[in-house]
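Below you'll find the structures, each written out as structure tokens.
Each of the next two complexes has subunit A plus one other chain: subunit B in the first, subunit C in the second.
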Partner chain A sequence: MRVTVKLFATFRNGRFKVEERELPEGTQCRQVVADLSLTDDEIGIIMINGRHGMLDQELQPGDVLSLFPLVGGG
Partner chain B sequence: MNEALSFLEEWSREGMLPWTAHCAAVKHFGLSHAAVERLALKNGLFPARYQRNRMMIDVHEQLRLFSSRVAVIGCGGLGGYVIEELARLGVGHLVAVDPDVFEEHNLNRQILATPNNLGLAKVEAARQRVEQINPAVTVTAVQDAFGLANGRELLAGVEVAVDALDSISYRLELAEVTGAVGIPMVHGAIGGWYGHVATQFPGEETVQGIYRHWVAGKGIEQQLGNPAFTPAIIASIEAAEVCKILLGKGELLRNRKLSIDLLEMEVHEIPYDQPVKLVRAA
Partner chain C sequence: MERSARADDARLLHIYQGARSSMDKIFRVNMTDLSTKIEAVPADWAGLGGRGLTSTIVAAEVPPTCHPLSAQNILCFAPGLLTGTPAANSGRLSAGAKSPLTGGIKESNAGGTAAQMLAKLGVKAMIIEGAPKDGTWYNLSVGVNGVTINEEKELLGLGNFAVIDAVEARLGKKTGVLTIGPAGELKMTAANISVKDPDSKIRSHGRGGLGAVMGSKQIKFISIDGEGAPGVKIADPEKFKTAARAFSKALLEHPVSGEGLPTYGTNVLVNILNEAGGLPTKNFSMGQFEAHDKISGETMNEVIASRSGKVKHGCHAGCIIQCSQVYNDKDGKYITSGFEYETIWGLGADCCIDNLDDIARADNLMDDIGIDSIETAVMFGVAMEAGILNWGDSKEMLRMLREEIGKGTALGRILGGGAASVGRTYGVTRVPVVKNQGIPAYDPRSVKGIGITYATSTMGADHTSGYTIATNILNVGGYVDPLKKEGQVELSRNLQIATAAVDSTGMCIFVAFPALDIPECLPALIDMINARFGIALTGDDVTNLGKHILKLERKFNTEAGFTNVHDRLPDFFKNEPVAPHNAVWDFTDAEIDAFWDF
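This part shows the complex of A and B:
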């Protein structure tokens, strides 16, 4: 299935802003995060089609997955 | 007080009280700067120092700001600018909370940090700065870390709490305490070129939602640090939210988070829908 992955802020460094990916049916968000060499604890926001998602959520064909890093400084 | 009021009225021009007259009243009648400002505002005299507020904030609203108490939790990158702006705006009472002293690595961005006050408590620097820029503003300086144990006490009488913390776990504690005592919290966080702001009212869980995936540790700020401009812009948006909450005007950043990327100059709005409360059938 084809899924669009959008990356934000530091996640773009050495990667991409937006990319179409071919993934096996039943792929979870967590797998995409791992494929991008990101760790779970770097993740701030997961949006799937504009709604908040979870790492263990299964992606569907045509989904748009957006990943933002954790920001917590002051 | 009648004599003092007559004095202020005599020295006001077109409804505005000049700073020189304000200071003369302090000296002549032995009043505090705060007492003179309160007397002026209550009687429709606009302190001239706020004259450029006047077309946005009328004399009743300026009195409302003067009568307000706002807690700024954290007096570093974000907190320094928030305190500067709220003091210039004319918020009458600021509670500044921070356990730390200034260190050299604060100098690149923290407006209260100067080479002369390295080693000085951040809250003491905040008090001194406000005394310089607006002596009518009272600062309660608390050199302590905010947490669940002392949170209620620190927020006693406070109308809005500003999150200028640098720790996600303390932020979540602030969110919990503000919810429990029933006051709004203006949340801001920064890391490198990036920052975000959201406003949360009691019963809402936006901040908890923003950090729903957080397990432990810090965010990208740990690797990136923070430059001069990111705290300034995020703190300014926080100060604008505080002003609107106190005056009950405008649209707030409720149930949404404004994320700013200063490197790519992108602004994103992330929705945070509140959990639907189920109503039990009778």
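This part shows the complex of A and C:
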């Protein structure tokens, strides 16, 4: 299945902003994070199609997965 | 319930009386008879600072129904409880008055150098009352011997940067400055009060039109001379040092205050809110902005670095978060500093402007004119909806700032009155305001907790008064789903109570990020207050202080004519679903009113 992965803030360093990935059915967010050489602890916010997601959530075809470190402002 | 609240207040008063410090004074200025006085601090004000003190003074001395630009209003300034000590991030100044924008009580706090200078001079608060009977303008000089009132002619009509340069030339580089630009002189309800920062640039008491109150008292600027200041005495220096160390450690350890904010500034939020569908776009008609990447924190970080600007910068000495920055043009020449998410969102997504350099130019112009960059950005969104200028037309926006608002033309005065003023004048129905104050950078339909804060805040729509974005979006202090109603009222209530207390300490509100996640942080903050004054506040006392302040402010607003009907969002949030989640504002009146059940 095809999934769009978007990275933000420091996660972009040495990686990418946005990339289409071909993933096996049933892939969890955690696997994508590991493939990017990120640790679970580094993940601040996961969004799937603009909704907050979990590391063990299964991705669906066409999903947009956005990964952020813990950041804030206001 | 009522009885126990009274008992809590009595306990706080008792503790505060122990905090009475003979060094601190109230500086009082009467602009009607042009007299000044130095007064002892009343016993029940002794343990208050910042917002707790300015709101107490406004509630005690301002008739709630008075015209905010009349002699019956006051303008007061108070450093926080920890300001002037070595505590990290404690250099914020609170300004208070009845707001000409909202018609309710107002506290607006800012960084810059003034707070620490006033605290070190022993100024617990400065209260400016009355108003001149003729057209003469003045400046005030504050120093170790009190305040003098001087007639001012030369600097009238000038922008804030020119005022700061001129005051430094007159009185020395180290002089602290609080000043108003043309917007304040003309008493526009979006006018702010500018505070000189450590680089002689500007921080702002932005919201609520306090610049117009200063203008109504015909004070162009206030200079502060720190020479001979006795400094802040700490009752238990050893205890203070230990607590201050633990506090700084927490600030540096938390990923938001220790890394995210110094690197990307507050503008890191553009991309996050865009992803979450909560980035108000085209005057709150959409939740995502197509050109978000052009104005994002990540892009801004690259632009600043490539033009030899400064990625990190503090608004006051002792700030270790350094969320600010210096933004240069492509030739490496200074455009602006203190360039914040709300300004960039407002002129960017909400006005559909994708030119970050022009937004930076507008930021600098707004500092110079002395007008709130949130109110003015929200206003331009409404003005574009009204057809006064085209969506995305940054050049016309800059012209209007300079030529209309800056020069006080008839159109400029309508624009300078803020979003509600323009909406009313031009018959716009989508006007994002609560209690007449422009709604900031988070859509309340798709981030529902912040909607409760906008609706119920005593300040009018104000994200900082109960920043639920932390928990709704950023996973700080837990997680409450932004698209569901469950838990939002409680979240907003807890944050508004905590914020009212933090706003009294002189602390930057960003200390809330580590305070929500790191268990040692809040106790260290309370230990610093206790060590500073030689008292024994508990965590519960601090919560009760927050509750006390909110209720005091609400009582003022009630007496000024506000009811629960004013604790509502504009109707369009109920009737117009916002993409991409097609979310609407769906709280019942009773659910919103339950906010005040404490």
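We take it that the second predicted complex is superposed on the first by the 70 of 74 C-alpha atoms of A that agree within 3 Å, B and C clash if a C-alpha of one lies under 4 Å from a C-alpha of the other, contacts with A are read in each partner's own complex, and residues count from 1 in each chain.
Keep in mind that, in the parts below, a residue touches a chain if its C-beta (ideal position, glycine included) is under 8 Å from a C-beta of that chain, and two chains touch if they have at least 3 such contacts.
Since the structure is predicted, the reported quantities are computational estimates derived from the model, not experimental observations.
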A:Phe68 contacts which: subunit B (first), subunit C (second), both, neither? both
Using the superposition on chain A described above, determine whether A:Leu55 touches subunit B (first), subunit C (second), both, or neither. first
A:Ile45 contacts which: subunit B (first), subunit C (second), both, neither? both
Answer with first, second, both or neither: which of subunit B and subunit C does A:Thr10 touch in the superposed model? both
Would you sort A:Glu25 into first (subunit B), second (subunit C), both or neither based on which partner it touches? neither
I'd like to check the shared interface: which positions of subunit A are touched by both subunit B and subunit C across the two complexes? 8-10, 44-45, 47, 50, 52, 68-74
Flag every residue of subunit C that touches subunit A in the complex, lowest number first. 255-256, 259-261, 263-269, 271-272, 275-277, 293, 297-298, 323, 341, 463-464, 467, 469-470, 473-476, 479, 481-483, 509-510, 513, 580-581
Mind pulling up the subunit B residues that touch subunit A in the complex? 74, 76-79, 163-168, 171, 188-196, 209-224, 226, 231, 259, 261, 266, 268, 270-272
Touching residues (chain side subunit A, partner subunit C) in the complex: 6, 8-10, 12, 17, 44-45, 47, 50-52, 66, 68-74
Going by the contact rule set out above, which residues of subunit A touch subunit B in the complex? 8-10, 40-47, 50, 52, 55, 68-74
